[in-house]
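Here chain A shows up in two complexes: once beside chain B, once beside chain C.
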Partner chain A sequence: MEHWAPASAPATADIGPPPLSVVSRLVRDPKVVGASGFVLVLIVLAVAASLIAPKDPLAQNLLLADVPPAGFSGAEPGYLIGTDGLGRDVLSRVIFGTRVSLTVAFVAAGLACLIGSLLGLLAGYLGGWIDTLISRLVDIWMAFPPVLLSILLVAVLGAGLHSVITAIVVIDWTRFCRVIRTETMGQAQMDYVVAARTIGFARPAILFREIFPNVVPVLIALLTLEMGIAVVVEAILSFVGLSVSSDTPTWGGMIAEGRQLVHEAWWVLAAPLAALFATVVAFNQLGDGLARSLDPVLRR
Partner chain B sequence: MSAPRLAIDALSAISLRDGGKPILRRVSLSVGRGEVHGLVGESGAGKSTIAKAVLGIIPAQVKVTSGAIGFEGRNLLSLSAKELRAVLGRDIALVPQDPATALNPSRRIDAQMTDGLRLKRGLSAREARVRAAALLEEVQIRDPERVLMSYPHQLSGGMRQRVLIAAAFGLEPKLVIADEPTTALDVTVQKQILRLIRALQERHGTSVLFVSHDLGVVAKVCDRLTVLYMGKVMEQGATAEVLAAPRHPYTRALLAANPRYDRPDTGLEPTPPEVVAALRAEIAAFDASAVEPRHG
Partner chain C sequence: MLLAIVVNRLAMALVTLAGVAVVVFVLLRVVPGDPVAMMISPGAGPAEIAALKAHYGLDAPLFTQFWIWIKGVVTGDFGTSITLHLNVTEVLAARLPATLELAIAALLVAVILGGGAAVVGTLLRRTPGEAVIDGLNSILLAVPDFIWALALVLLFAVALPVLPLTGRIDPALAQGFVTRFYLAESILTGRFAVAGNILSHMTMPTLALALPLAAVIVRLLKQSLKEAMLQDYVLLARIKGFGELRLVLQEALRNAVGPTLALTGVQFTFLIGGTVIVERIFAYPGIGNLAIDAVINRDFPLIQGLVLLFGLIFILINIGVDLTVAALNPRLRHA
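Up next, the complex of A and B:
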């Protein structure tokens, strides 16, 4: 036999600096900090809109119609980004518009995520006829053009916030289902899952303890991306007048109104467009940053 | 000597994918109590299939056609899934090949080490935690508490393999299947890990089935070895004897293929063609004769 060195040297605990907690890692990521800061501001604006908005978003004043933003000739004090064709304060309307956008973003994306990822987990883990059934359903579902389907759905369900949310959930659960199914299938092949199964842990325990945590980073990234998508879809439906009634300010509705007077009062179009754009970018950046920070394999 | 702990008897298996191509050809081997038994062969020789058959995780495209895997007087192949689960983890444990994929990246080491102890040894959460720390100390990890609180990616490959070895031996199994446990590691770490497996095995009297493609590694840890080629046993015997005087040409070819520091330019040749031809003829003759049930 080979020469065995006596009492082998203790292994050096070469594990580097103490592990950073997930929270402290997130705080160090400028993307996450910036984007979540922006989303936080949006939430505050939505919740406290009536306190923050300088004017009543519905109050018309035809004597002050099409007033340009501050700094332009003809600007009126108190109307920071001007007024629209009916003399309503654009800033206040944009602030109140966050309410609908954020409600849709959180509720619709959350529900789509819940339904889609639950079905995806089941399909990916159980396989067999359950997988076949769910996967075929997703295939058929995705064959429908989404915008057409959502307009059709809202037309059938009737306009309103509930319908918009339902339409987004009904259409977009498939995004989650498909990705989570694939992720789950990959996880189910991993040695630690095979080992847990071999020594006899129950299926639900394996699914939620061994598999689910490894799927969460992807799930969160998808969820935040979906929030951005939901905001856009709501804006589209508002734009074509199928979202909430026109006495509630929405970004999509404002864009529709602004489009008609873009030559006389461009700010009526530009302000909600900028808000929409910034919100979608923030959600996307947040998703990207969170996925990076939460993914244990990428943690260094 | 008492009855062997693991007795594989004339195990044959075919691949369902390749039109019934044999994967194992009446393989017999036994692992005695406290013995480290090396299973050597090139890729595709059937080493892993044997290890997987013992663990009851044979891939769907492989079918065992005959033979038995005797463990503690029972044939593992005839156990129900439930009976097998009771044996695995408790009496038979695995040290896996790749420490990078054997640990769940999103769970801390303490959670993963205590799982088996709680399920298979019936320890409470607190007892299992204490036991896990003691086990890490036994595999010479200096700061067990810190390792227990770490995630796998915070540990080096060698550390992860130590954790896995601790987890496997910590269940106090009678048999450990070590499936190429050092293949994914640096050469310097390899040696420490081999030493560790040998030390733990001797201390606990565990039997080990040590699967490897590396004769050099097998020579360092194994008491006896089995050389496998295309699913057929080529040579079997005490490690020292086989390595000193290999009887089978294939074993000689394998030995010659081992790179050596003192002869850096030799040994990197593939198996000589005449040896391969002779091997193929031998396998073909075996397959022809195996149609009739053989005795002896």
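Up next, the complex of A and C:
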């Protein structure tokens, strides 16, 4: 943005261009722009699924089972990506599937972030036996294979969206806790914290008003990455048959059906898998871009 | 002292494993869900149900159940599987080799692919080739084993039907083995046709597990290699007239490999965690696939045994990584 530089600015090389604000750095990053655009499209699809989807995602038509996508021999007009084994429209099911995926992405990742970073802040700032206790808990958690633990939790809690969200929160709070604990320990050594303590700020005030804002950039990047992870975990649980009931379309459930039909109707697997892939990549690129733009260390 | 590290880490490992044991034991029992309900015939009366519960010790108080289980675990007896009616230790011993062969094959593939791409990326640095590798890798970093496994199914089931989609070995060939390490044994005894058959079954699950780890290796190793290439000792070797490839492989790699080694160890535990779902997708008969069945059937003794086994493997890998890093770093070794 060259017009930002005042015309009278001295042309000395050692000052360099004025530092860009976080927002303008983000807008300049094609990865961030593309990824957030994609996530926005997903949100619109999820909210307005019943307006956008061409067909009822649950309507069966056994006379039109395993219809291939448009352009392949045997394709039927109106079924752009074909139908599944029960004659349901694959495109409409993928569109409705965004609802469960995004719900899990936002709710589960958000709650895991809240709990994990709260415990991380406390462990990192207070130290002592609280830190030992929380760190040991994280160690025990990390000794479980995450996929196995999530399947175990959902099997125990009973299949369904609530269980899936609970399982993701219970497992993935450690991701936030570990990173935020380390960040907080680093921040607690900084001069501004020492200054705040000298002035006589209370400990909660120092932790939440002084340290917390400096941890937020890392938190946002982690949260975005966790959204991608949560979408995959939901798909895995749907695949194993432990997520929402089978009459709600989910990408994982479609993937499980498509896996069985792969020789007869590959598109039933390919379409939700492509949606899952694109979503995971988008959240990841967004998290990466945010981390680079928000983190003063990674920033050049 | 290495010995002090070992003793310290083993003590910590025991505490963690005890925690894992308590967590999984309590988790399975605090929430309603009855393994006996899964196995009785529909017409069974209350007396039969009570008899079955007594048979598996599920009628005892929680603490007594835990005490009996832990006493057994310490002596290597994990109880009897409720669905398989077999000793859990024997079931695990029969299934573990399949998973170990798969995980180690995936680790090797990841190191070769990731290491190779990192070296090529370093040789191509500041060229369009490096940008291509970086761009591809930033996408690969996002894709988990679950997606890879299904993409490979799609590729090899539809476009290129040359690989078997399920299983570990052609059942007709699964005879005359002394151990359960089918791949290692068939190679060591020179039965290469059998080994080839096993490898064709392992190709897809191995790739699905290896690709995410390879992406992590590429990113970190390439970064370390590029930094090492700017050091004086590389400049000196360059002045001596060494070729670029030799500079990377002989001078830079040895000094750059440390952080990657440590990270690969940590990531290897994630890879083993990934076997749960990848084995499921390919109906590969290892402990991961077994674990999903055990959970769905609420086979308490089997779940407990599996979770402890996974925990033990994770902890052993972490200790192994710490020791390797310490052994390779002279400053840590004498600390």
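Note that the second predicted complex is superposed on the first by the 274 of 300 C-alpha atoms of A that agree within 3 Å, B and C clash if a C-alpha of one lies under 4 Å from a C-alpha of the other, contacts with A are read in each partner's own complex, and residues count from 1 in each chain.
Everything that follows uses one rule, which is that a residue touches a chain if its C-beta (ideal position, glycine included) is under 8 Å from a C-beta of that chain, and two chains touch if they have at least 3 such contacts.
All figures in this text were calculated on a predicted structure; none of them were measured in a lab.
By the document's definition of touching, neither partner reaches A:27: not chain B, not chain C. Shared-chain residue A:213: touches chain B; no touch with chain C. Of the two partner chains placed by superposition, only chain B is touched by A:191; chain C is not. Using the contact criterion defined above for the overlaid structures, shared-chain residue A:201 touches chain B, although it does not reach chain C.
Shared-chain residue A:58: touches no atom of chain B or chain C. In the superposition on chain A, A:80 makes contact with neither chain B nor chain C. Using the contact criterion defined above for the overlaid structures, shared-chain residue A:276 touches chain C, although it does not reach chain B. Overlap of the chain B and chain C contact sets on chain A: empty, with no shared residue.
The touching residues of chain A, counted against chain C in their complex, run 31, 136-137, 139-140, 142-148, 151-153, 155-157, 228-229, 232, 235-236, 239-241, 255, 259, 262-263, 266, 269-270, 273, 276-277, 280-281, 283-285, 288. Chain C makes touch with chain A in their complex at residues 12, 15-17, 19-20, 23-24, 27-28, 31, 33, 138-139, 141-144, 146-147, 150-151, 153-154, 157-158, 165, 272-274, 276-277, 280-281, 288, 291-292, 295-296, 298, 303, 306-307, 310-311, 314-315. Taken in their complex, chain A has these residues touching chain B: 1-2, 4-5, 8-16, 18-19, 190-196, 198-201, 209-210, 213-214, 216, 296-297, 299-300. Interface of chain B with chain A (complex): residues 55-57, 82, 85-86, 88-89, 94, 96, 98, 101-107, 112, 115-116, 119-120, 139-143, 146-147, 149-156, 158-159, 162, 192, 195-196, 198-199, 219-220, 239-240.
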